[in-house]
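Consider the two complexes below, in which chain A is the common component and chain B and chain C are the respective partners.
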Partner chain A sequence: MVGYTWHFGVVWEYREVFLRGALVTAKLTAGALAIGLVLGLLIGMAKSSRRAWLRVPATTYVELFRATPTLVQLVWIYYSLPILTGVQLGSFVSVTLGLGMNAGAYFAEIFRAGILSIDRGQMDAAKAIGMRHWQAMRRIILPQAVRRMIPPFINETATLVKLTTLGSVLAVYELLHESNNLITNTFRPLEVYTTLALAFFAIIYPIIYLSRWLERAWVARS
Partner chain B sequence: MVRRARRQVCGALLAALVLLAGPLAERADAQQGTLDKILKEKTFNIGYIPSPPGIIKDPRTGELSGFYIDAIRFVCEQMGVKPVFHEARWATFVAGLQSGQFDLSVAATFATIPRALAVDFSKPIHYLGYSAIVRKGDSRFKSLRDIDKPGIRVAVVQGAAGHEWAKQNLKNAQLVVLATADLTAPFVEVSAGRADVGIEDAWATRRYAAKHPEVVDLFAESPFNVLPIAWAVRKGDTQMLNFVNTVIDYLLINGKLREFAQKYGPSGRFQLKLVYEPVVAD
Partner chain C sequence: MIRVVDLHKWFGQHHVLRGIDLEVQRGEVLVIIGPSGSGKSTLLKCLNFLEEYERGAVYFEDRLVGYRDLKGRRVRDHEANVARVRAEIGMVFQSFNLFPHKTVLENVIEGPLVVKRQSRAAAVEVATALLRKVGLEEKLHAYPSRLSGGQQQRAAIARALAMQPKVMLFDEPTSALDPELVGEVLDVMKKLAGEGMTMLVVTHEMGFAREVADRVLMMDEGVVIEVGPPDQIFRAPKEARTAAFLSKVLH
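== the complex of A and B ==
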């Protein structure tokens, strides 16, 4: 950098701003993850169903969310939904819901791929000994499929943490928005963004490491 | 069988009624007028965008201050209503007004012609010009004419009033258009050596130059492209617009706004000088 004077003292002075932002980022991720997992499981199973009335809406949902930008989805939920329905959602709820619904579409694909990866003969065998479809799913298919799903789930969770920065567009005070407000007040963008990058690395790297560790552990066990 | 079908139809009609009740109630509110709604609910939903010193959000406490905030709090006190503040961004404040998240935006918005197509602006509250940041010791620039030369890279924020000005006035220089909400971005380009000149409002240039010794504020004393700053209401909401204009007249004429601004020091803003003369001369 041409003659730039770094002043990281500003960052240290406002360290609680980053901690507060990280807490909101964690809350957004946890909320969206919970919504995404429930939706993903239901939609993933509906998408692998033979019944068209379950499969077609589930496929439409997944394609709709995967083919449109997440930012547009969030802005639409926050600003367009009230005009169409009269229901006003707060910015935090809108972002959590939007990210959760978006994650649901991706999780659904992971669930579906996981379920399909289990040999069909196992379902037939479970049914042959008198189990119902759901019983066979719960006792035979899902326990095996979940192990295969965990690494992609963890990767998707890391992506979800990064997507929470979109909350700044709706003025949710997660890490990025807290940083932007700090820049507005201190005029020190480079120091603040450098710290922001390090904060995200500190949050996301353990998640990625966990994914790798689990993969290695299961390969070793099998 | 017939009874079951009838029950299903009744259920569906009931659900439709419940779903429609919300939007219909909203529409009734809209017909009633924004100001009536505010007075009835005793709550004034106000949009803002942090932009010191008019609107400051304390990074530590999250508390709002600034002379535009003080002014609207004073107005709410006079109205006997509670202000409820909603934060927006430059890219979304129009959507916030249109979707009814808030009824007035007190963000210090440059009232330009393209923007006036989307929202209704109040009377000008203040006037603010633009300036330019260049690297210290860069002796190529003395006037605006020196900027508009081939090979000169000029950084601007996309969609900002400075971008509009640059598109209209800089025919030879190369524009570096930055898609960001961060008004310091053009200056960072200069600090980093990726641009020769960074253009933004005269207040932002002054504050950046004060904190970054490697650059200078080129037009600190004579800002260019001076534009009116105004508040905004939903397009077509004449009841609200008339009210806000009356408020601004009141705040400017009795010096209340100047009083609020004084607390926060120089802001780079100007206001028109009022000169009174007798209606009938002696």
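== the complex of A and C ==
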């Protein structure tokens, strides 16, 4: 190790590869985030429902995704789903879908916890003036709950960015996969992986910082 | 206007209401007293189905509340029907339960806008008048967290009144208030009673009961101990349990 000469010039030469990878990472994150949010909201509501036919499947879904490795979920969706459904998804779509479904399970818990954190009296008061359950949810409960959900939700987004690296296993050209390919061309793993780590730090740290800042700002206000 | 027949309610194994019968006439003020844990608040919440009851019946203007008949079997009523009944029954809670993310005015117009689908202008006009009536005309655009407990409770009363309810339920409206703020809330309630509002009031304020109630109902351990005009209940209770309770709260 001592005396190793760094050649970051090689990385600079291939900067486009990193930008390309970062773009794919961003697309994966954005796609999974969109899927995860919608799924999470629906499943979180279903999990809080008093109707067993909604609650039980939702709970099973969350437990299933939380108790199995994300990587296993991704390869399952990529290799097993086509056999069962006859629909062959591309690797990018598979990974986006898989990460989205995975995030959905975690977002569902955040939504549910946020809704549960609102005092029961709020729902009672809304119903007492004649609101339907969904009206009370939309106008009274969710607006209050969302604020409490945002910090954990942002943290989960940071985790999601990290999980996109799993896409490399299914040959999705995100940052890690591009880096691996680059190393086979340049034989410069140290420089490439260091740059890779810094690239992720540059993406994720602002997200974590935003979450902490929001949390503090809101605690200060209330 | 309200008729309760052999009402039973369980919380798990705990039998909270053990066969309540009750009738309230239009314009009547009924004050419900009794030791804590006697089921007073639960009874009130069964009237607008915020609590489900398991046996017996609650009728609001001769309509069964919360259930309907399906081929001779009693099943839960559609949510829309339950909501419609609730819209005609105002409720005021011990902990106010104002919506903290809305201003006082927004709290009061919420029901008329969302449930009654009134225009904003009409709702604001009614709300402003109600808030003036409860003495909060200066606080229209304040958030609940900026108000004292007494002001919050008066805003909550205005919120309930904005739906133009046929009856008002008060669930220990002054129990969470500092002693010096109790009067201002009771004054609003007295004014309301004076205007002929039908009211059911669960309270420990015996002075209010004596002065405003048409009838006082004493409850203990999920049953009605006795009902009568305030004079009789306070001067000459028929039941030993009523006398014992009153001697404790009246010192």
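Here is the rule we use: the second predicted complex is superposed on the first by the 220 of 222 C-alpha atoms of A that agree within 3 Å, B and C clash if a C-alpha of one lies under 4 Å from a C-alpha of the other, contacts with A are read in each partner's own complex, and residues count from 1 in each chain.
Quick note on the criterion: a contact is a pair of C-beta atoms (placed from the backbone, for glycine too) under 8 Å apart; a residue touches a chain by one contact, two chains touch by 3 or more.
What you see is a predicted model, and the numbers here were worked out from it, not measured in a lab.
K.L.:
State whether chain B and chain C clash or fit side by side on chain A once the two structures are superposed.
P.N.:
fit
K.L.:
Between chain B and chain C, whom does A:202 touch in the aligned arrangement: first, second, both, or neither?
P.N.:
In the superposition, A:202 contacts neither chain B nor chain C.
K.L.:
Which one hits more chain A residues, chain B or chain C?
P.N.:
Comparing touch counts on chain A for chain B and chain C gives B.
K.L.:
Considering only touches as defined above, state whether A:72 meets chain B (first), chain C (second), both or neither.
P.N.:
Neither partner.
K.L.:
Taking the superposition on A as described, I'd like to know which of chain B and chain C A:34 touches: first, second, both or neither.
P.N.:
neither
K.L.:
If you stack the two complexes on chain A, which partner ends up touching A:86: first (chain B), second (chain C), both, or neither?
P.N.:
In the superposition, A:86 contacts chain B only.
K.L.:
According to the stated criteria, A:143 is in contact with first (chain B), second (chain C), both, or neither; which is it?
P.N.:
After superposition on chain A, A:143 lies in contact with chain C alone.
K.L.:
Counting only touches as set out at the top, which of chain B and chain C does A:133 meet: first, second, both, neither?
P.N.:
Only chain C is touched by A:133; chain B is not.
K.L.:
For A:122, decide between first (touching chain B), second (touching chain C), both and neither.
P.N.:
Once the two structures are laid over each other on A, A:122 reaches chain C alone.
K.L.:
Examine A:23 and indicate which partner it touches, taking first as chain B and second as chain C; both and neither are also allowed.
P.N.:
Neither partner.
K.L.:
After overlaying the two complexes, what is the shortest C-alpha distance between chain B and chain C, in Å?
P.N.:
Closest C-alpha pair between chain B and chain C: 16 Å.
K.L.:
In their complex, what parts of chain A are in touch with chain B?
P.N.:
1-5, 14, 16-17, 75, 78-80, 82-88, 91, 168-171, 173, 178, 180-190
K.L.:
Looking at the complex, which residues from chain C come into contact with chain A?
P.N.:
These residues of chain C touch chain A: 45, 48, 50, 79-80, 83-84, 86-91, 93, 95, 97-101, 110-111, 114-116, 156, 159-160, 162-163.
K.L.:
Touching chain A in the complex: which residues of chain B?
P.N.:
Result: residues 19, 22-23, 25-26, 50-52, 56-60, 62, 86-89, 91-92, 95-96, 98-101, 135-136, 181-185, 188, 191-193, 207-208, 211-214 of chain B touch chain A.
K.L.:
Under the definition above, what is the set of chain A residues touching chain C in their complex?
P.N.:
Within the complex, chain A contacts chain C at residues 119, 121-122, 124-133, 135, 139-140, 143-144.
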